Each structure stands twice: as C-alpha cells, then as structure tokens.
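A, B, C and D label the chains in the order they appear, each numbered from 1.
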C-alpha cells in the first residue's frame, strides 16, 4: 500500500469540483461573520452591563468548545426548539456564529492599537457616535486587522470541511467516499490537503495583494 | 478551528462528538400526529440516512450511491410505494443523532446489532451475517486463533467487532496464553487497513463480507486468516429506525423477509459478496431489544 | 585641528537603490569639540548617523573612533578587513547615540534603562551600575524620576534619560540626532543647557540638526552637508555669517527667512558663553 | 427522548481519564510548539531571503491544511520510513507541529510590530542581537503575544480531539467508547462539550492573569483617555 502518485493525480479533478461547495459556503459565511462581528463589536462598545455579561458567556462557549459540537447543535439540537434548518443553512449559521465571535475578538485587539487623536478631533467637531464609528473608527480598524481577517477566512474554509457530518458532500466527504472504495485513504487525504492548500493560499495571496494596493492608494 | 475527526469515519463507530446539548436546553420533540410510515405513504416521499463509504454495502461510484444495501433499498422503495427517494450521505458520526433528530426517516446503512444499541433503536430484520473474521498481511503465519497471542490487533473503535476482539483477548488469556500484545482501536476501518499494511498492527478483526471484498481487491497485500469466535457480539447486520417507528420497522422487515424467501436477497449477496448467507427469522436480537 | 581627532570619517559612501545617500563623506571631530551638522532634509544626515553606528553598513570608506578603526580597517598594503560583529559590538559603547525618537525601553524604569546596558554589555556589577546611573541621573536633574517608567516622563525628561543611558557607557563621542525636533519649542533652551553642561566636562559631540540658531549656539564648528557630502565647514558663527558656497547661502536664506531672522549678523540668539 | 444523566455518573472515570490526557497533551504540545514557533519566527526575521522563504513555506503549508490531514501524514507516514513510536507521542508531536506554525506567525508579527528603534537602540549601546532580543524585544513582545497565543492554544486544545482517530485515548476517544457502550449521543457529547469548555475556561483564566502581570502599564494608559475608553475598549466601564 505504498503511495501511488498516479492515483492522487486521477482524483484531483473531482476533489477540485467538490471544493466549489466549500468555497461557496465559506464566501457566504465570511460575509455574514464580518457583518455580525462588526455589529457585535459596536454593541459591546456600548458597555451595557447585562448585554456584555451574556456576550461574555457566549464568547467563552464558542471559544471553548469544538466547532463540530456547535455545528451539531445547529443541525440536530435546534429542531428540538422548533428550528429545523436545512443542512447548508444550519452549517452556515453555526460557522458564521463561531466566526462572528472571532471577528469581534480580533476587533477588540485592533481597537486598542488605534490612535485616539482623530477620535478626539471628531468628537470636538461634534460628530455623532454612529458617524464616528462609521467614518473614523471602522475604516482604521479594518485596515489594521485585515491580516487577521484573511487568516480567519482560511480558518472558515477549513471549518467547512466539518459540514460533512451534517450531510453536506464537500471535499472531505468526497475524499472519504473515494478512500473507502479505493482503500487508499492516504492519497485521498493528501489530495484533499492539496485542494485546501490551493484554496487557502489563493485567499492569502488575494488578501495580500488587496492590502498592498489599498496601502498604495493611501500614500 | 476545532476539527473533530472529519476523517473517513466509519460505520460502527458510534458517533463522534455528536450533538452536544447546550446546558439547560430542554428536549421537547414536537409531538407527531401521524406516524412516519403514514407520512411516507401519504407524501410518497422517503428520506434515508446512509454512510456511503462502506463497500460493498453502500458506497459511491461515478457519483451515485450503489451497493448491496442500495439494491435492497430499491426493492423497499418499490414495495412501500415511494415515488421520491432522498438518500443523504453522511459520516457515521452523524447517522444516529440524525435519525433521532428526525432529519431522516430511517437509517439505510448497515448497523451491527448489539445489546446497547438495541435498547435505543429499533432494528429491522438482518440483511447480512457479519461474521467476524481476522485478516492478516499476505504470507504472515497466522492461521489459528492462538497465533494472535503476542500480536497487535486492530479493529474499529466502538464497532460491533470491538467487543468481539475484547472477548477473544480474554479467551486467549483464560487459556493460559499472554493474549494480544495490544488492542488498537481506530475511528474508521480504512485506517486500520493502512495500519495493517504498514506493519503498525498484525491483524484486523472485521466482519467477513467487508473483508472478503477487500481481500479480493488487494490480494497482494491482505489475506483472510480465520474466523474468530462470535463471543461477546451479535454479528448480524441490519438497518435501524427510531424506537417509536416500529410500524415502519415491521414494514421494512416484511420486505426483507419476502426478498429472502423468494431468493432475491441471496442473488444480491452473490452479486456483491460472492457467496450467500443464512438470514434467520429470530434470535438475531439480544435480550431486551425493541 | 591639529590634535588627534576622536572621530575621523573618510570617504564614507552609501548607496540605496541607485541613490547616493553618502558620497565620499569626510569629517574629523577633535577631542572636546562640538560639531553641528546641518543641511536640508534628505541630504544624508540620518544615513550618516546610522552608518557611523554601523546600524547601516556603508558601502565604502572608513570610520575611526579614538584612533581605532570601526567596522572596517585598512591593513598594510591597502587590504581592507571587515571587522566581525563581535569587534563592532565591542566598539559600539564608545559611540553614544541619542536617537531622534529617543527609543527608551518602555518596559524598564528610567534607572533600569541606564543600568541594563552597563550590566549586559560592560559586565559591571549591578551595584556599581546602579551607583553610576544614580549619579548620572542626578547630574541631569532626574534624581526624583529614576523610578518612573518612560511613559510617565515629560519629553525633556525622556531625552535626558536617553542621554544618561548613552553616557553610562562612557563613550568617547556622543552623537545627537535632531535633539530639538521631538520637543516643544520652549524646551530647546533646556536641551542647550544640557549639551553645554556636557561640553563643560570635555565631551566630544556631533549634533545633527536642522535648526541653525541652535547649531550656532551649541557648536564650536558647523559642517554643512548636501547631497551626501560636507561642502562647507568652519567656526560656527563665521559659517553662518559669511557662507562661501551658493548652496549654503540659499539654504540659510531659506531657513533663516522662515525663522524670520533678517541676517546672520543680527541673530537674536541667547548668548551662553 | 430524555436526557439520561445516569450514563454520565456511570462513565465519569473514563471521561475524567480522557480529560486529564487531553490536558497533558495540550500542555506538552504548547511547550513544544511554542519553542519551535519561536525558532521559526526568528528564522523569518533574519536578514536574507532564504531563511525567510523557508520560514514562510513552513508556516503557510501547515496553516492552510486541516490538522487531521497533517496528523495522518505524520502518523501513517512515519512507519513507512521505519520509525515506530507510541501513538500518544506521535499525536502530540503532530499537534505541536501544527500549532508551531501559528505560534511562529504570532511571534513574528509581534516582533515586527515593535518599533525598529527598540532593537536598534539596544544594538547601538553594544548589545549582541541575542542580548537585544532578550533584554529589550522579548519583554515587550510578550505583552502583545498573550491574547493571540491564548486563542491559538484554545484552538489547539480543541483540535487535540482529532488525535482520537489515531488511537490516542484522550477525551474524545474515551467519549467514543462511552458512546459505543451506551449509544446515547446527546448525553455523552453534552458532557464532553462541558469538559472542553471547562478546560478552555481554565486556560483563559491562566492567560488573563499572565496578561495582567505583563501588560499592566499599557492598560492604564488606554483607560486614562475617556474618548479611547468610549470607542477603543470593549471591556472598560462606561465613561460617565
């Protein structure tokens, strides 16, 4: 059962096709997580005590338990409270929720590194807080945490591999199906690894290019 | 991110991190006005959960789920008058929570019968005899059960062959031998095959139908050693329904019985395994089963 | 300038991607002398300081500190020998650099900023290093600030800590990079006083600045730098009063005009000597 | 369907044993992974292209592949090359390998975030690069290091569950055995989630204490400014 390179090559096209599922889901998830994560950050900045206490528990749970368990809750346990979601919706909901927390936590770190000077100026000019958030804080914040967000995007892509447990046939599930009929789990996993590597490197590269261009236009 | 074994998780593994229950969440399943069988008959639609990564029972070929189990399912669909079949493919760890949460009507994937499972799920009539067998590397000198003394033996974690392997170890020790050197439990059978091939372990214990096909596929690498004792396990393989769907279970069992009696089942066994099996009418369930 | 110079820079050159930041730069600084280096921005002043401390490797040329070659040595028969990193590190304490941004270490107290380099680099015992640091900080009027962290000090205090940190290494020469630029204008006089008091102890100093008034007041000699080389130098007041090269003249016109000082003759500068 | 807590009472010792191993694996992989991460980070900031390229290939490859795949390659690949080690050892090493790429990136970013003048001012007084790193860079970098390192360690702790697939008897593996015996997925995994959560809370608390010790000076300067406290902090008391 040595490593068969030809077999690896022969399965790559099918795995790449299956990766479209992961990419599509990841794109939706990242968009939602960014939006919700930003909203959560602004909400937390209001420092309403009961709200922040609840948020703290949610964050602790999301950070402290395996993502797979969170996906299971969304798909298998939520029907118990009357929320019966389709596999893709449940998967998107679970990973977005998870990623939202990580986005907000990255923002917390990013905020601390922002120079308060412009905010003071904006406040002195009489700008209202929503405007200050939208025009002053968030643009700086996104620029600062861009690398972290790109990293989060690659994590989301890897996370979509877990959706196979709730009937989403993605790269990993396709690889598993191949492995079980060819009895070659090693090659199929390496194939899946390559597909993930290519997708994530593409994301990192695109992110870096965008960042560089963004930085260039600012000079 | 937390990836908990999205590996080719096999079959008899009882699920991996299945649904965790958020603390304080109360389970209150919606009361069902009609039974699952009535619903299937009314809508003409059937949804089943399958782990399509277990040849020759259920596996994917050219993008379609095929295999021994799929052929039987086709007959069941016909008999129940189902017009539309949704066959969901998911790893073993999602199968049992899925059926409990009502995500599909029953499990159309082969599940080994054992005592604990039988208390919580309703088994249909068996579709195959999963007689446990030992497999070795081609040419290794393991020909009788006693040869497993001092060997590293592997099987799947929480599978129906795990208790078989433990019982075998105990039996070897009771006979005065040293027993296995180690029992290694993998979360999926394919991994135990790789471990056997690369010398990590010396023998795999698994049910005969699966091993027979594997040995046929890889005659240069693997070889059947001998049947192991059935002690500690009920070796028949069947499908399961939710415990409150006995009606549905009986309907499926009826189809299987009919197929056995008119020889269709034996023909399918010849087609997929290369040999026919004896399927009993009773005695396949452990005491206290549904 | 007959005495043995403390700093001798000869033919120092440095190129960045085709731009000559230093172009055969020559400068001698004699013992006890204060030289102010002035010049328009981009003339290579910062590069010079970075090369003098070997933070940047010059492409060519030689540096001598107190008679010893630094970074690169000219051997007999014209062989150039590059010094090892260890040799360079061993000589570095001889040149004290006060950065424009000061670069105090924010995680250490003022005292510790001065003590740590002594114990680590010179291997002094902690007690002795602390005694010296206390003495230096006291001399610079920071006795009651020794226990504070940099973020709790004013700009002028931070600068004096940075000076103390450099002095603790007992350098033969002090380099100052724009010592007045990071400070509020009213503190410029304070810096002047500190530098003068240093001069009174016989310390040799090279001060890079773009403030002519400050340069005239602090320095014995002014060197005007443009395009990577010194193009005019001489006694401080004379250079400013009677620039010989057109480039210096136009530079002075530019900066003095901005400072609204009519001419070099009537500079309204505080007299300290 | 009921929640049958008696299962957890019966199988508690098995789960506790698994949790203990999970904790030990996490600590060992953290120590090992962090050391390797620092080494790779230092490689990444060395002058010259080759070391930087090597470091970035290491980091990018390991970070962009799901851990399960790294584990399988190490676990099933090693025997082919004739090396045979206990599963727990191999599993921990693979986990450390995976985490080291993330730690390296965290350390590298923290070092680069420090103004260059800090390193240079240490070099200029005559400290060697190693001394400058130790006395000036490292203590400052430590502050920025704590929060992202905690995140990664939590991720790694959860990721250790994957080791169950190569016969390492940690928490998830033991829970699978309990599952196999009881066939009660929801009960067992509620318990397992709770245990992972508890371990995570422990790690987070330890990091919070460390953060308070190394980062006190910085925290003080942020909350002193009311505007900053209003917009740039999510934890401080609401400015009145």
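The rule is short, and it goes like this: a contact is a pair of C-beta atoms (placed from the backbone, for glycine too) under 8 Å apart; a residue touches a chain by one contact, two chains touch by 3 or more.
For reference, the UniProt names are B = Polar amino acid transport system substrate-binding protein; C = Polar amino acid transport system ATP-binding protein; D = Polar amino acid transport system permease protein.
Please read all numbers here as calculations on a predicted model, not as lab measurements.
Between chain A and chain D, the least number of touching-chain steps is 1.
Interface comparison, B-D versus C-D: the pair with the greater number of contacting C-beta pairs is B-D. Chain nearest the geometric middle of the protein is D, using mean C-alpha positions. Averaged C-alpha coordinates put the centre of chain B at 37 Å from the centre of chain D. Separation between the centroids of chain B and chain C, computed from CA atoms only, is 81 Å.
Mean C-alpha positions place chain C and chain D at a centre distance of 45 Å. Chain A and chain C have Cα centroids lying 51 Å from one another.
For chain A, the set of residues touching two or more other chains reads 61, 65-69, 72, 76-77, 158, 161, 172, 185-186. Residue positions 66, 68, 72, 76, 80, 158, 161, 186, 189, 192-193 of chain D each touch two or more of the other chains.
Across the assembly, chain C contributes no residue that touches 2 or more other chains.
Which chains touch which is summed up as A-B, A-D, B-D, C-D. Within the complex formed with chain B, the residues of chain A that make contact are 1, 61, 65-69, 72-73, 75-77, 79-82, 84, 98, 155-156, 158-159, 161-162, 164-167, 169, 172-173, 175-181, 183, 185-186. The touching residues of chain D, when paired with chain B in their complex, are 1-3, 66-68, 72, 76, 79-80, 84, 87, 155, 158-159, 161-162, 164-167, 172-173, 175-177, 179-190, 192-194. Listing the residues of chain B that touch chain A in their complex gives 1-10, 16-22, 25-30, 49, 52-55, 59-61, 88-91, 93-94, 97-98, 100-103, 188, 190-191, 193-194, 197-198, 214, 217-218, 221.
Residues of chain D touching chain C in their complex: 115, 117-118, 120-129, 131, 135-136, 139-140, 217, 221. Chain D meets chain A in the complex at residues 60-61, 63-66, 68-70, 72-73, 76-77, 80, 109, 147-148, 151, 154, 158, 161, 186, 189, 192-193, 196-201, 204, 222, 225, 227-228, 230-238.
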